[in-house]
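Worksheet for the structure shown next.
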Amino acid sequence: MEINGVYIEDTFAEAFPIWVSRVLITASTKKWAKIAATEATGFGCSVIMCPAEAGIEKYVPPSKTPDGRPGFIIQICHPKKSELEHQMLERLGQCVLTCPTTAIFDAMGDMAEEQLKVGFKLKFFGDGYEKKDELYGRKVYRIPIMGGEFITEAKFGIKKGVAGGNFFIMADTNATALIAAEAAVNAISSVEGVITPFPGGVVASGSKVGASNPKYKFMVATTNHKMCPTLKNVVEDSEIPEDVNGVYEIVIDGIDEESVKEAMKQGILAATRVPGVKKITAGNYGGKLGKYQIKLHELFE
Amino acid sequence: MEINGVYIEDTFAEAFPIWVSRVLITASTKKWAKIAATEATGFGCSVIMCPAEAGIEKYVPPSKTPDGRPGFIIQICHPKKSELEHQMLERLGQCVLTCPTTAIFDAMGDMAEEQLKVGFKLKFFGDGYEKKDELYGRKVYRIPIMGGEFITEAKFGIKKGVAGGNFFIMADTNATALIAAEAAVNAISSVEGVITPFPGGVVASGSKVGASNPKYKFMVATTNHKMCPTLKNVVEDSEIPEDVNGVYEIVIDGIDEESVKEAMKQGILAATRVPGVKKITAGNYGGKLGKYQIKLHELFE
Amino acid sequence: MEINGVYIEDTFAEAFPIWVSRVLITASTKKWAKIAATEATGFGCSVIMCPAEAGIEKYVPPSKTPDGRPGFIIQICHPKKSELEHQMLERLGQCVLTCPTTAIFDAMGDMAEEQLKVGFKLKFFGDGYEKKDELYGRKVYRIPIMGGEFITEAKFGIKKGVAGGNFFIMADTNATALIAAEAAVNAISSVEGVITPFPGGVVASGSKVGASNPKYKFMVATTNHKMCPTLKNVVEDSEIPEDVNGVYEIVIDGIDEESVKEAMKQGILAATRVPGVKKITAGNYGGKLGKYQIKLHELFE
Amino acid sequence: MEINGVYIEDTFAEAFPIWVSRVLITASTKKWAKIAATEATGFGCSVIMCPAEAGIEKYVPPSKTPDGRPGFIIQICHPKKSELEHQMLERLGQCVLTCPTTAIFDAMGDMAEEQLKVGFKLKFFGDGYEKKDELYGRKVYRIPIMGGEFITEAKFGIKKGVAGGNFFIMADTNATALIAAEAAVNAISSVEGVITPFPGGVVASGSKVGASNPKYKFMVATTNHKMCPTLKNVVEDSEIPEDVNGVYEIVIDGIDEESVKEAMKQGILAATRVPGVKKITAGNYGGKLGKYQIKLHELFE
C-alpha cells in the first residue's frame, strides 16, 4: 500500500490496556496552565522506567472550561489502578497545586469507568481550613494557599484505555525522519483523546524485549538493533531498507482504541507529506503480548 | 532594611544539604535540547512527593559545548546518593536517550566530589553493539539507536549542594506578586549553578511541617496557614500584612551556598522592581532543621 | 450591568471598515509555519504608524489544510485596497516566501468580495522557471527556490471587515489588569475570524485624536490622559475610578461585525474572571467617526 | 578546505554598509520584553521589500540592564540615516510604547557615531504630561500611558555597520539543510552585535540581481536559479552538486565587520556538525557591489 508515494507496510501496532485519567488544569492565563501541565506530565514517557505515562492532550479555551479560564487537558496513565491514584496525587499535588493560579477539574466525564477520590485526598493539605463547595455544577474543595485558593474537583474519573499505539517513520536521512516525526506529532495533537508521551512526542531509541547479547541477559529491554541505521550493514537481521538512514517512532496512548487509531492515521498521513520519507511500519510482538492489534492498512480503508 | 522601597525582613532562609548532579544535554538544535531537558526535569519540584528535585540551569551555546552543538545544563538532585543515581538512570535513560539527536555530558567537572557510573550503566541498552570511545577529550559510550548514535559520557560527577534556598514575595495583589515572582525567576535563571525546581520557578502553596488540625495529624505537611491571604482575617497567627493580598515563594537549589545566595540576591532585587511589592521575607524552621541559614540582610551588605 | 462582579459600563466601541485578507501559511512543521506567520504580521499594530494591521488568527491542523501540513491563518488589513495588495506582496514575498518549507493559500474562500492576483504577481520571482498548476483543487504557482518549491495560490480573496473593536480593562493594580488582558487575549484567540494586532494582543498606551496641549498641535494623536492612572489626581477630566490603578485595552480586527462582537464578548468574560478587575469600558469618538457602534451591554443579552 | 568533514568553498561573502541602531527593550518580565522585541522587529527581513532590516540580538538579564528588569537588545537597520530614524520612531512608537510594562534604552553606547533624538520625538505623545528626568545615569522621558509610565531614553546612538554577511548550507536533503540552518542560527544568536533578520534566521529563497528571463526584465530580483535543487538537472549553469538536494542561506547584519565575521564562523562551525551537510559556500556579486568581502577560509585561520 502506498500513501502520498510512501510505502505502508502490511503490519500492525500491538497495544496494551492501561488505566487513564484525564485532568483539566485551568489557570489565570494560558501560559501558567501550560507550565503546570508540562511539569505534571514530565518524566512520564514509559512505565518501563518512568513512574507513569503522561502528556498534554489539548488546549481548552476559556469559553469551554468550567471556570471560564484557559486550560489544558492532561492524561496520566498507569497499568495499575492503585499506582495511577498514587501518581495523580503526587503529580497534581506537587506540580499543579504548587503552580500559581491553577485549578483542576475532571475531564473524563461520562466516559469514566471508576472514580478516584483524588480531590478528597488532596484537600487534607488545607489543614482544616479548606471548604467543601459546589462550583460550576461540580463538587469541589477550596484549599487556602499563598496564591489564593486552590480549587480541586472532589473526584476524578478513570477508564481503561490503550497504551502503545505506534508507528515508525523511515526516511532517506535522519533529518527527514525528524521533520516528519515532528509533523506527525503536530497532526496527532489535534486528535481528541490521545497523548504522545515521549519527549516532543518522538521516540529516538526503540527497544526490544530482553537482550540478544548473552552477557546482557539481566536487561529487561535493549536497543532494537534491527531498526538502527548505523547497524544496517553490521547485523544480519537488519530491517533498515537500503535507501533509509533515519528512523523515528511515534508512540500514542489514548482513552480508547478508536482515538488511538485516529491518531495513528493522522500522524501517518502527515509524515508521508514530508519529501524523503520512504516507509511507514509499526511495532509488535507477533501478537503475543498486547490485547490490541491495530493494522496499518485498515486505518486507510 | 529597604530595597527599592520594599521592606526586607530581618530573617533567614533555612536550607539543606542535597546531592546534586549537573548534566549537559546537547542536540542538533536548541529546540530538541530544550525538549529533552524539560522532559527529564519534569515531576521534579520537591522530594516531599516528587522522586527528585530537578530543573534547567542554563543554555550553553554551541561554541561552549564539547560537541559544538547547542545544549542545556540540567540539575537532578536528591538527598540520598543511591537514589540520585537511580533517578539519573531513569530520567536520562527514559527522557534523553529517547529524545531525537541528543547526547549527554558531565557538567560538574572539577567541582565533583564523587563520580557515578551512569553512562557505563546506560550503555547496556546497546546490547553489545555499543562502543567505548574517547571524544572531545572525554570517555564516552556510543550506543546505536534508531535516531543514529546516542553519546553518553561514562561518568557523571556529583557533589553536596544546597536545597531549599528561598524567599517570599508579598504584594498588594496576587497579580503583582505573580509578575514579581516571574521577574525574580527571570533574574535567577542567569545565575550560574542554580535551579528553581517548582513550576515556572514559583511556589504558590507554601507548607508547614505537620498539621495544626488535630484530625489531620497523619499529614507530613499542610498549608502554611499563616501565609495564606484568604485566611488573613480568619486565623489568629496570620503573618500577612494589612496591605498584602498576594504571596509567592521562590525556592532555589544549587551546587553550593554561594550560588544559592547569589540567586536569592538577584531574585529579590528583581522582585523589588515591580511596583506594588510590599515585603520580602524568607522561610525557616527556627534554625532547627537545616544546615544552612542564609540571612536576607547579609545578601545586600 | 455586572458580570462576575465586574461593572460593565453602558457604552460602545466605535469601529471602522477595513479591507481584510486571510492567508493560510502551511509548512513542514507547526514551528516553521508559526515563524513565518509571526514575521509576516510583525510591525502591524495600527495603520496610524504601521504599514498595515496584521496578526495571527488561528492554528489549522494538518487534517484541515489543503496540503495536509500544519498551518496558521493570518490576517493582513488596510483601509485602502491598493495598499493592502502592496502589503500582501511585500509581507508574503519577503517574510513567507523566504521562510523554509512554507506555502500560502487563500483562506477567505466564499466570503471574499474581491480577488487580488497576489500569487500571480509573486510568481515573477520564479524568473520563468515557475509552473502554473492545479493542486488540491486550487490554482497555484510552483516557484523554484533554494528550499525546494514555494507553492502560492494564484488569487487571494479580500473583503470589507471591521477594525478597532475594543474594550478597556480597569483593575486594582497594573499587574491585575495585565493578567486580565492576557486572559482576554487567550479567550479571543479561539474566536473565528479575528485578530488582536497589538503586541501580545494588548494596548498599553491608549490615544486620543490630536493633542490638548496647544504646543503639540502638530500631533495626530497623543496619550489618552483621561485613562492614565498616574494622572488620576493630576488632570481634572480623569476617568480613572478611585480603586483603579491599572488599565489595558484590547483592540480587535475581524472579517465582520459578528466575529468582532463575539471576540469582545469572550474577551470581556475572560477578563472579569480575574480577581481585582473593577470595570470594563470601551472606546469611542461619540459615534462621529466610525461606521460601527458595538454596545457592551448588547453583547450579553 | 574541510571542516568537520564538510567542504568549505574558497569564496567570499559580499557585504554592504548599513546604518544600525541598537535598542534595549526592558519589561516587567522576560515574556513581555520578548513580545515587544518580536513585534518591533517583524516585517524586517531585507530592505529590498521590507521597510527595514531588524532582529533580536540577545537577551539581557535583569542584573545587566539599567532598570534591573529583563530585556532584549534589538537592532533596526537601514541604508539611509533619515529612513532609519523614521523606522525607529514607527517601530518603537507603535510596537514597544504600546506593549505592556516596557521601557527603551540606548544599547549602542560608546560605539555610536551619531545620536538620533528618537526619545525626544516620541515624548510628544505625552501631550505635555511627560516629564524629562534622569534615571540610572541616563537622560529619559517619562510618558504617562494607561499601563503606567513609558520610559524612553532621550537619544539613541547609531553607527555604520555591515549588512548581508552570509553563507550557504548545502546538504544531502532539504531536511538536513534545514536542521543545519537552525543549528547555525542557534550558534549565531550567542555572538555579540549581530542579528539574522530573516524568518527564524534562515533564507529559503536566494535571489539574483534582475532576471535572466527576457520577459521578466521589470523584476529587480528573481530566484537564484543556479542554487535551486529542483532545477539541478534543468538549468545549464546549476551550482548544485550531485549529492546535494537542500540549500539554505543564513544572512547576518551586525554592528561591525568583526562581529559579522565571528557570526559567520560560529554559524558555519555549527552547520558542519550536522551529519549530511556537504558543502558551505557564500554569496557575492564578483566583488563589484559591496564594500566588504569576507573570505570563508580566512575565518578559520
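Letters are used for the chains, namely A, B, C and D, taken in the order the chains are written, and counting of residues starts over at 1 for each.
Here, a residue touches a chain if its C-beta (ideal position, glycine included) is under 8 Å from a C-beta of that chain, and two chains touch if they have at least 3 such contacts.
Listed by chain with UniProt protein names: A, B, C, D = Formylmethanofuran--tetrahydromethanopterin formyltransferase.
Values in this document were obtained by computation on a predicted structure and should not be read as measured data.
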| item | value |
| --- | --- |
| Chain separated most widely from chain C, comparing mean CA positions | B |
| Winner on C-beta contact pairs when B-D is weighed against A-B | A-B |
| Euclidean distance of C-alpha centroids - chain A vs chain D, Å | 39 |
| Averaged-CA centre spacing for the pair chain D and chain B, given as whole angstrom | 34 |
| Cα-centroid distance, chain A relative to chain B, in whole angstrom | 25 |
| Touching two or more other chains - residue numbers and ranges from chain D | 28, 31, 148, 174-175, 178-179, 274-275 |
| Of chain C, residues touching chain B in the complex | 31, 171-176, 178-180, 274-276 |
| Residues on chain C engaged by chain D in the complex (per definition of touch) | 28, 32, 35-36, 38-46, 48-51, 89-91, 93-102, 124-129, 143-150, 168, 174-175, 177-178, 181, 198-200, 202-207, 211-213, 215-216, 218-219, 221-225, 227-231, 234-235, 246-249 |
| Chain D partner contacts - residues on chain B that touch it in the complex | 4, 28-31, 61-63, 67-70, 148, 179, 182-183, 186-187, 189-190, 266, 269-270, 273-275 |
